[in-house]
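Below is one structure. I have some questions about it.
Note that the chains are named A, B, C, D, E, F and G in the order they appear, and that numbering of residues resets to 1 at the start of each chain.
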Amino acid sequence: MSSPITLPTLKMLAEYLDTFVLVKLRDGTGIKGKLKTYDQHLNIVLSDAEEYRGGELTRRLGLTLVRGDSVVLISPAA
Amino acid sequence: MSSPITLPTLKMLAEYLDTFVLVKLRDGTGIKGKLKTYDQHLNIVLSDAEEYRGGELTRRLGLTLVRGDSVVLISPAA
Amino acid sequence: MSSPITLPTLKMLAEYLDTFVLVKLRDGTGIKGKLKTYDQHLNIVLSDAEEYRGGELTRRLGLTLVRGDSVVLISPAA
Amino acid sequence: MSSPITLPTLKMLAEYLDTFVLVKLRDGTGIKGKLKTYDQHLNIVLSDAEEYRGGELTRRLGLTLVRGDSVVLISPAA
Amino acid sequence: MSSPITLPTLKMLAEYLDTFVLVKLRDGTGIKGKLKTYDQHLNIVLSDAEEYRGGELTRRLGLTLVRGDSVVLISPAA
Amino acid sequence: MSSPITLPTLKMLAEYLDTFVLVKLRDGTGIKGKLKTYDQHLNIVLSDAEEYRGGELTRRLGLTLVRGDSVVLISPAA
Amino acid sequence: MSSPITLPTLKMLAEYLDTFVLVKLRDGTGIKGKLKTYDQHLNIVLSDAEEYRGGELTRRLGLTLVRGDSVVLISPAA
């Protein structure tokens, strides 16, 4: 999986490639999954993705594309 | 159906062409349908599309264009 | 009425010219009408347009311009 | 008053110059007035404008500029 | 005070320079004040500005810059 | 502190450099502070900033950067 | 860690590199962490990040990327 060269801030995401991250979305949902790739718009591809609300697993999503515009923050999965 | 060359993140969608995907929208609605094409704005065309709310089928939509700006995430249909 | 050449996704709309479509808006409103033209921003002109909320006809609008930014999805009218 | 040459969709508005239109805004408000001019952003100038909520006249506005970003749709005034 | 040459729609605002206008904002607030200048983004400078909610004067603001992105419409002050 | 040359509307802010201003945000919060600099996006740096809600001081913030996209209006602090 | 040269307003953030800041987000959440880098979109990388709501610590996030579009303001951590 390539590590796209983008903004300095986004380079930090290269450290997280192929590890599990938690992506918090604007609607309060959390998506956990293995970070496969991302781009400068913060569009994100996660494998083995799962949706969480209020700390509860609500759905298994599989290989998922999250639109950057919906992303609030990205941190390592606990 | 062509597979548009776009951002690395969006290439992942090429794997889903002609398969059923679930598109989650900003208003919480889910649209299930067969992925026919997409573009770099994440505008998406689905055939045999159906609208879901709270897990319930609420409407059959047929061949549908979903505006990228409304898309939160795209995953394989369960 | 011309069929504008735009994104591959939007070409699908050419099939719907002069047929009745349902346009779902961000505020949950549905607009039904005959598709007359559209552009790359998804601005849409409908003739004989009618506004629906919760499945109920709420207003007859006539020849109407819908701003692309308000559009969530476009499907054939049931 | 000039009829600006813009997107094909917006040309339809030229038919409405100097006639009364209803502009629906994002916040649910309707503005009725005589269409004087418009631009490609869908900024709109209305004379004799009036504000409506829930079908009730709530304010007389006079010569009014409506910002395109707030516009949902434009139709002939009933 | 200069009258900026911009979009045809915005030229209408030149008529209102140094007169009192009512600016309606996205959050429903109204700002009344004397129009001093504006730009193509609809950023607006008002002198002697006052904030209104539900028709009630809620705050005296003085010389105020209103961000265009918050503006819904501009009409003459009643 | 430099006075950035930008849009005519923003020049008005130069008068307010090193004086206390009130910045109203989209979420209804008010931020009071001494204006140190600003840019064409209306990003704003305030020193001695304080957060207010409903007229009550809710937090002391110190030297603060406010993102332009969140700004509704800027007026002199009462 | 480099100090990116950007807008005059953002230069102020260089003073905060490797110190703890409080980032207020659009949804009312506060993120506290050590500022590691940032860019012109106000994307921000924080180490040892923690999420706060209503003044309460709600989650430990670790090395976190916050999307600029979600940022309301940045101030020193109390």
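Some notes on this structure:
Criterion: a contact is a pair of C-beta atoms (placed from the backbone, for glycine too) under 8 Å apart; a residue touches a chain by one contact, two chains touch by 3 or more.
Not measured: the values here are computed from a predicted model.
Counted as hops between touching chains, the shortest connection from chain B to chain F is 3. Superposition angle, chain B onto chain C, using Cα atoms only: 50 degrees, a multiple of 5 between 0 and 180. Averaging Cα coordinates per chain places chain F and chain G 18 Å apart.
Centroids of chain A and chain E (each the mean of its C-alpha atoms) stand 41 Å apart. If each chain is reduced to the centroid of its CA atoms, chain B and chain D end up 33 Å from each other. Annotation for chain E: residues touching 2 or more other chains are 26, 69. The cyclic arrangement of chains, read from chain F in the direction of chain G, is F, G, A, B, C, D, E. By the touch rule above, chain B contacts chain C in their complex via residues 2, 4, 25-27, 29, 31, 36-39, 41, 43-45, 49, 59-67, 69-70. Interface of chain D with chain C (complex): residues 7-10, 12-13, 15, 22, 26, 28, 42, 68-69, 71-76, 78.
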